[in-house]
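The two complexes that follow have subunit A in common; it is paired with subunit B in the first and with subunit C in the second.
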Partner chain A sequence: MERSPHPFFKVEHLRKNFGGVLAVYNVSFELRQGEFLGVIGPNGSGKTTLVNLITGFVKPTSGKIFFKGKKITGKKPYTIAGLGIARTFQMVRLFYNLPAYKNLIIPLCSSRVKRLRGGRYGEKDDEAIDLLDDMGFERDSRVPYKDVGSLPHGYLKRLDLARAMALRPDILILDELFSGMSMSEVASTLPLIEKFNREGLTIIMIEHRLKELFRVVDRVMVLNFGEKIAEGTPDEVMQEDEVKKAYLGIDVEIPPREAV
Partner chain B sequence: MTKQEGYRKKRLDRGIKARSDTLFAVASWKEILYLMIPRFLPVAVLLLLPLFLGNYWNKVLVYACIYGLLALSWDFLASCGLFSLGQSLFFGVGAYIAGGLNYYFHLPPLITIPIATIAGGILCSALLTPVMRLRGVYFAMVTLILPLLLMKIIETTGVFGGTQGLSSLSGFPHEMLSIYIAVVGFLACLFLFRRIINTDYGLILRAIRDDDRSVMSGGINIYWRKSQALFIAGAAGGFAGALMTHHYQFLGMSVFALDYSILPVAAVALGGQGTFAGAAIGSMLLVPLSEALRALGGLRVAIYCGVLIVSIILLPEGFFHYLARKYHQFEKVVKIG
Partner chain C sequence: MSLLIYGLINSVILALYTVGFSLTYGISGLANFAHGALYILSGFVAWSLMNAAGLPFAVSGILAVLITAAIGFAFYWVLILRVRGIPLAELIVTFAAGVAILELMTWKGFYGLRYSLPVFVNGGVEIAGVGIDYQRLIVLASGLVLVIGLWLFVHHTRIGLAFRAMAQNERTALSIGIESDWIGALSLAFGAALAAIAAMVVLPLGVMESTIGYDVLIYALAVAIVGGLESTLGMIAGSFLIGYGQIAAARYIGAKWMVIVPLAAIVFVLSVKPSGIFGKFKELEERV
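Coming up: the complex of A and B.
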């Protein structure tokens, strides 16, 4: 891996305990610009907590996070989003009584979008419709104008993705985007994400659907009980004994560990 | 067993809207009237009413407008998820700014009222900014306590006339002027708030109420937005307070009294939350009702509370939502099965 004085994105010894429960323990990793990192791990292994720590929704107990050489640990979620780290939510957080395209107005009103557009906002409604059109909400259908509450689940997930993309992020974090999607929905969404990555977007993708994940990522990181147990290309990672244990349940012994 | 014959109400939207997501053309005079009447009729009535009412009922009208402003201010905060029990804070701060400027610097009402509106908004948002992170009942508790705290400070330190208050403040040059400032201010506030909440700016405020984490992940500084909302609501309350001070030509600690916090909430409960029109209708019903019952003495409050309870049970959605539904939808009874 190439080394520059400032890695694009870097997590150092990140750790979080909720009371006595260690959710994330001593996790460190780096990202190059344009890299596609997959994060996998069994349920409760700390993947979503990791996302919450990076995006500022949860404050780490210790450890540091750097983005473009600047420390972002302890910053507010909107500041981190404003710096260009956008996320989707595992349980989509949308506004159900608004039309779908109006959900994108919120990121389009952010100071980040204004700055990137050269100091002024555009026609927000048109931009929102454009973005949704890219996500497979056909412009000419009624779908972008429908209330979110009446849309099927697959659309909600893609709307949440559009909401994150409206921020024009430098890093996109996808927290189990495919959960609850049908095979055909996954098949139509995956190329979109690949396209974003080809266009230079750095992506961290948390996913349970390993087959789809392994097709698109450059590198995989495996978490178990909050700890990083493996990292490497998909093939390398799946050869590791610890990963097999964690995933297939062979010889699982919960390592006793004290929360300090 | 005989099959029960059931009926249900079928509702159909009329589909004529003032603002629409897609292109819409109003086709006839009938449709224009359909849209205009509910907006212009109440405005026209309120503007003409002072010419026909007597001295006493004109005072009630001013009173209703002042409570209406406080109810609008409450409804605006509630639209951003800030549930306040302290509209009297906004009211009292505005009243003391206007009264103080008039008493100590002899500024006329037409100067003190705008100053009290702006400065009241700034002061209230500054006072409440530290507790803006609190949500729900915790925010409500702090807003309930703050006016009582200010009242105690005035009582014990004797600033601004202490318990005596400041009297012989200047009134308006013309009686009608004060009535029309109240009515026009109230209507302007109503239509301004309705407009604000439907813009993209208002959309973000409503979104903060529904899910602040989602808004934060959109790169929006929710605390800055909330303090702006506090300024807007505080300015409306401050305007009401300043108006009251000059109308009564007296300023006392009672401006921080609980009445000014609770009655606006009751007005919104009666009228319906979230549209501002409900808050306006609620206060236009409650204040005259409370005056009409004045002859009954102590029993007045009991009847008044009874009316409130009954209306909340029968029309939990509020008066306005009920009227709007009746107006905008055809209803017909259809047989089931």
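Coming up: the complex of A and C.
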């Protein structure tokens, strides 16, 4: 593969204060195209703020974000979405008064998708239903045609994922996709995400379920109190004392189990 | 019988006053307090085009609607964009702009009996023993056409879908690449156009004065508050309640009590069910 002079995606010294609270402090990292990065950290460590900063929902206090060599810091969320960075939300809020497939029509009709694939409004219904089918909502079931507000809560996360994928993104950011999902839903969603990654999609995944996360990611970044405290493969990261401390809350050695 | 018919006409007029206001509010959460000013401004634009440029009413009416829509669109980019997201500032900006438009028109001399728009067709018919002129029938018809047309637009076009998405959840809409400012400006342009369309059919019923702008704003607010903001059904119900209430008050208490009805309705609804008849009280999570 040809090496481009710019990193695919790069965050430089990103920082965000909310009043006196330092939510994200001096975070820098890079992503290669097609890489799968996990972001972990205790509650309140700045993970969601990081996502909001990258996707333009929150403006950084200082620092820079580059995507394909272009600076995207401070751009509007819709501009960033149009450039190809899609996200899901921790608290899913879809368009509840629209049928499930119509929720995907808007991203499918965005100027980005038009540029990539063409097609006009009114011709996209099949594509939306195909996408839902890929996500496990079978076209013969009535799910794609029902109003989102009437669907079971467990479906909404996967629907949100479908909505993000409908944008045909270059980078997908998953903000605690698995929270609120049942074990079986996680088990059926994880292979989907792995498939997207194998097909070349760059993914940033924020997750509390470490076991599932570590199975799929190339690299993990650990945040604590807004700072990056570790980065590396899952094994490397979990060996670090600071990570153990952050996750256990106290500085203790886990005693080796005594043989009985 | 005349109570029934005139109540119906009055209700439809109120609905026409309100439809643009509640469309803009429903989509972008922007309470456009310049709505009444845009309404009467479009009337004077049409009048000026007819009397200064000598155009027929059909042409100048359509032009007036387009010009008013353009003013609404520009209004968003020039003034509202700067205070977007601060509801109180939005309210002050739109209200101030409305007052400025109205007072400027008063200063220019747009009051008195000189100014009126022609009716579409002269004459009238008698329905069930009640005399009714064609213009009022046209008002009824245009109210119906407008509501159906809007429904079709919102449900069957791409912009309509974006409108609905934006109305339901701005945050999610942003994340799939809907340009909120573009949609906001469009929503204001549509609201302004609807105000102008209402003006073109309703204004021929009487003379034009710049102060009508204030009345229209109060009626639109009353209907929106009584019916519940953001609810189309509520808007229709609110129009009918106040519309019939006014005609009944005029008939049984006295004509001067007509103006009290919308104000009394606002006070009553706010004290009994603040979210309006069909409005939804926002959940705590959404309010913080």
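Note that in this section the second predicted complex is superposed on the first by the 242 of 260 C-alpha atoms of A that agree within 3 Å, B and C clash if a C-alpha of one lies under 4 Å from a C-alpha of the other, contacts with A are read in each partner's own complex, and residues count from 1 in each chain.
In this section, a contact is a pair of C-beta atoms (placed from the backbone, for glycine too) under 8 Å apart; a residue touches a chain by one contact, two chains touch by 3 or more.
Not measured: the values here are computed from a predicted model.
Look at subunit A after the overlay: subunit B and subunit C clash there. Looking at the shared chain after the overlay, A:F18 reaches neither subunit B nor subunit C. Touch criterion met: A:R163 reaches subunit B and subunit C at once. When the shared chain is aligned, subunit B and subunit C each come close enough to touch A:F57.
Look at A:R112: by the touch rule set out above, it reaches both subunit B and subunit C. In the superposed model, A:R87 makes contact with both subunit B and subunit C.
Once the two complexes are overlaid on the shared chain, A:K102 sits against subunit B and subunit C alike. Judged by the touch definition given at the top, the superposed model places A:Y78 against both subunit B and subunit C.
The contact surfaces that subunit B and subunit C form on subunit A in the two complexes overlap at residues 55, 57, 76-78, 81-82, 86-87, 89, 93-95, 97-98, 102, 105-107, 109-112, 163-164, 166-167. Put simply, subunit A touches subunit B in their complex at residues 55, 57, 76-79, 81-82, 86-87, 89, 93-95, 97-99, 102, 105-107, 109-113, 124, 145, 163-164, 166-167.
On subunit A, the positions that touch subunit C within their shared complex are 55, 57, 76-78, 81-82, 86-87, 89, 93-98, 102, 105-107, 109-112, 121, 163-164, 166-167.
Listing the residues of subunit C that touch subunit A in their complex gives 157-158, 161-162, 164-165, 168-169, 171-181. On the subunit B side of its complex with subunit A, the touching residues are 21-22, 200-201, 203-204, 206-207, 210-211, 213-222.
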